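Chain IDs A, B, C and D follow the sequence of writing; residue 1 opens each chain.
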């Protein structure tokens, strides 16, 4: 299958009023821009307008920097803020992991099979259980131990390792460590976590155990942006799977993993494709 | 399509040990009993054994009363407790409703089309919005107003109306009134509620509003037995439906209703078929 | 919950080129039109562009007839064809039924509970099993018998009854009669059928029997536009439900009905909201 | 999490009559056998009875060979045929692959994370694209080229490589080669294939292209036993995922892969746990 053509992806938000679509569309039409995908939404509570547009790079007479400069003027004019991404620019992610491998194996498999077009710059683990398979994929693995008595130094090292790669996403793929507030802030809008419950059910530790005790008939998973408040960040994607009285906690964990993997993979894909616009504590996913 | 043949349905629970299945199976085999469906489960936490067995009525040389008497001896012997239901005995339900009609329309439609084999003895409403359609189905409708200042008398009337029919299930089909503790107790194991969220998410009032505020990507419904603690009874069935940023609360309510209807209908069917065994605050659904 | 405000819904298709979105958006902006929902799509095989836009009626300085006239000019200019619907104009449907009631009960219940805003002008049945409940909802029921030896006269009567109401949709709610080609043509784009399989699996008669024989693990339903070729029209919506070895054909029919009901209800809603654009034998559902 | 205790798994089928359950249960009870999971089913068309029972190994006074010998007598007595598996005996699989890696990456990840307790004895590919990752997992990879003009020799080599490991399952993980009839026969009941459509829809080549042309709203995958008739063997598991007009064939392939992976993984797990009983062209999955 051939790759899709190179595109520029405009994402933008501003207070709603008439004429926004016309303004942006005319701007693109004037330059001969060929829109191949477009989406709009207005939040009824806040009257905030959102849009995402994909334009064929080859249809414009100028490059991405020029488009960024020109679109910035439109954004100012409309009183909003936007961004222009270029699908021709390579994208990078860093994975933070612990001992559980299912999400990492899944993501590395998706990258290896060309399904997720991204470079995994590094995998950082507080244990080194996942070093071998990571390196088997030709990806550097950094082991950063997290001693109970001094996590601060460990987080500083993680921060510095991440910063070195300036990744488009930091993926907490079952990292099992609670990020300090300053790191949540620094990585705002780039750090994605996979939580093993259908949030806001079973916030906190051992959600499968909580689900088992409550006797629920479905277990789920949630991919969300990391914020300073634990498990409370903007939700990007969720899904569930059926469980029954015959399922032990062990079975629920196993079934839940299949959901964790697809929910994280979908959330990450959408993030990398600039499909997720955050507004307050909610997301618009175009 | 022909009706399934008349069956006796044995449900039983006791402390687990070896030989229980053999004891019950031998008891049935000795009488020539033809088992057409059988299920077993042992709860690993409490070591409680559960079983449900369907036997063709025509295969036994005696009637249901004799079977009940004989099985009662086995139950004592095994230190457990059981029940024998007869699919030839007509089953009755009473519906408690308010103004919202979707669950009632759905249940009455299922009964009218022969899909749910049960007699709806009465529909009781604290408003009379649903009287016309109920009576159009040839079913008595009782309007019991619930004045804010004296709900006690109203509940007493509901209780007495329900008692008159001695129903196999009291279905709170969007009743919107919180049952007093004594009624919860009296109706233990027979009162089914449909809650418009994926419990334990969004306990209490206005779950769709809560879901909308949290920005979840799925909304759900839960059918559970009513207990004195609000929205905390044993869960019989749950399901979810996908929602997105484009869905208003009004849309979420509408989509959620499709899930409420099927979740309630499934839960009620399983209850009437004696498939639901309650143990502590959890259910086994065979 | 308050009703959504009155809107004009523009649907339009034309050969893709740059500037279409700008042209339409500018046209609306010039008149002060407030777009509350907009969607675009280009079919990559045929390079056909599709759009659907909802504009607040109150934001335009003129009425729907003027909008239709003005938009017709744009349509000509862009070499395409479009339509302007007005959510303030009442919408009508006619249901064609036979003996099976589940879809009819479901649709009438949705209308009665205000969930589906449409007037059911008439229900026409080749049997009169569903007359009582239909009339209980205050809706006229026409019994048109279909004798084996002369279906032509019966179809002529159905055609004339339908024509009398000029409905926005003719819903074959388990009608079980194959429409003659000329009726398929006359009702093109307005006749919706619900087929009890996941098409193209199990085309033709007794799909649940076919599914049972093949031992599939899911059964489904398909809502599609009626065309002269049986079960081959453009698909509007599909869904499936899980079945297992313990399910008899009777059980599969019952479970399948829950899917038939929601698939038909969703398809009909989208059709009435002008969300479905047909192109060749496929649909775009905005 | 601790491993479940060692168990003996009895699977058995015979013509239905009264007393079968009692006979087997009494046999186990006499030996002190502790049943931890049991399931029964009778096929209504053929009156064939099926059962699967898990017994704690430690509860029996003898080993698996003795149990096999003793149960064989019961099987003869009841005129049926059965099997006794031992969860303590290591299980082996061989994977047949081509160029597409998603199913292989997924299965190897599940094995590496301890989710699927099986030894992957070998991966055999008609291309060697997947050699590196396979060997990165410490598993031998055999490259067997399939020249167009002489596939017979290649199949003979595959056959001999497989025979060397005597695996419990031969998994065609996107193998893309049609097995010769004699190999289908030799591997009867052990060869599992993953087909990228919801069979019987879109039998044969390029199912996603067929699905795209037909405009379906869901795409699926089917795990089935391989038989001499292409894509027609007994179905073990199926599932679907939603697609829409915005999805290109490329998108449908990508989304479908997520379903292929879980459907194959579930089917394989059930096969290895002796949960799948084949009868004619259908399966009972306990």
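In the analysis below, a residue touches a chain if its C-beta (ideal position, glycine included) is under 8 Å from a C-beta of that chain, and two chains touch if they have at least 3 such contacts.
Every value quoted in this text rests on a predicted model; they were computed, and no experiment measured them.
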Least hop count linking chain B to chain D through chains in contact: 1
Contact-richer chain pair (by C-beta pairs counted) among C-D and A-C: C-D
Centroid-based (C-alpha) most distant chain relative to chain D: C
Copy pair chain A, chain B: interface residue numbering same or different (half cut): same
Length of the line joining the C-alpha centres of chain A and chain C, rounded to whole Å: 37
Distance from the mean Cα position of chain D to that of chain C, given in whole angstrom: 41
Chain A: positions in contact with at least two other chains: 37, 246
Touching residues (chain side chain A, partner chain B) in the complex: 41, 43-44, 198-202, 214-218, 220, 234-235, 237-240, 244-246, 248, 281-285
Chain D contact footprint on chain B (complex, rising order): 18-19, 21-23, 25-26, 28-29, 32-40, 42, 59
Residues of chain B defined as touching chain C within the complex: 1, 4, 37, 100-102, 105-106, 108-110, 112-113, 115, 132-133, 136-137, 246, 249-250, 253-254, 257-258, 262, 265
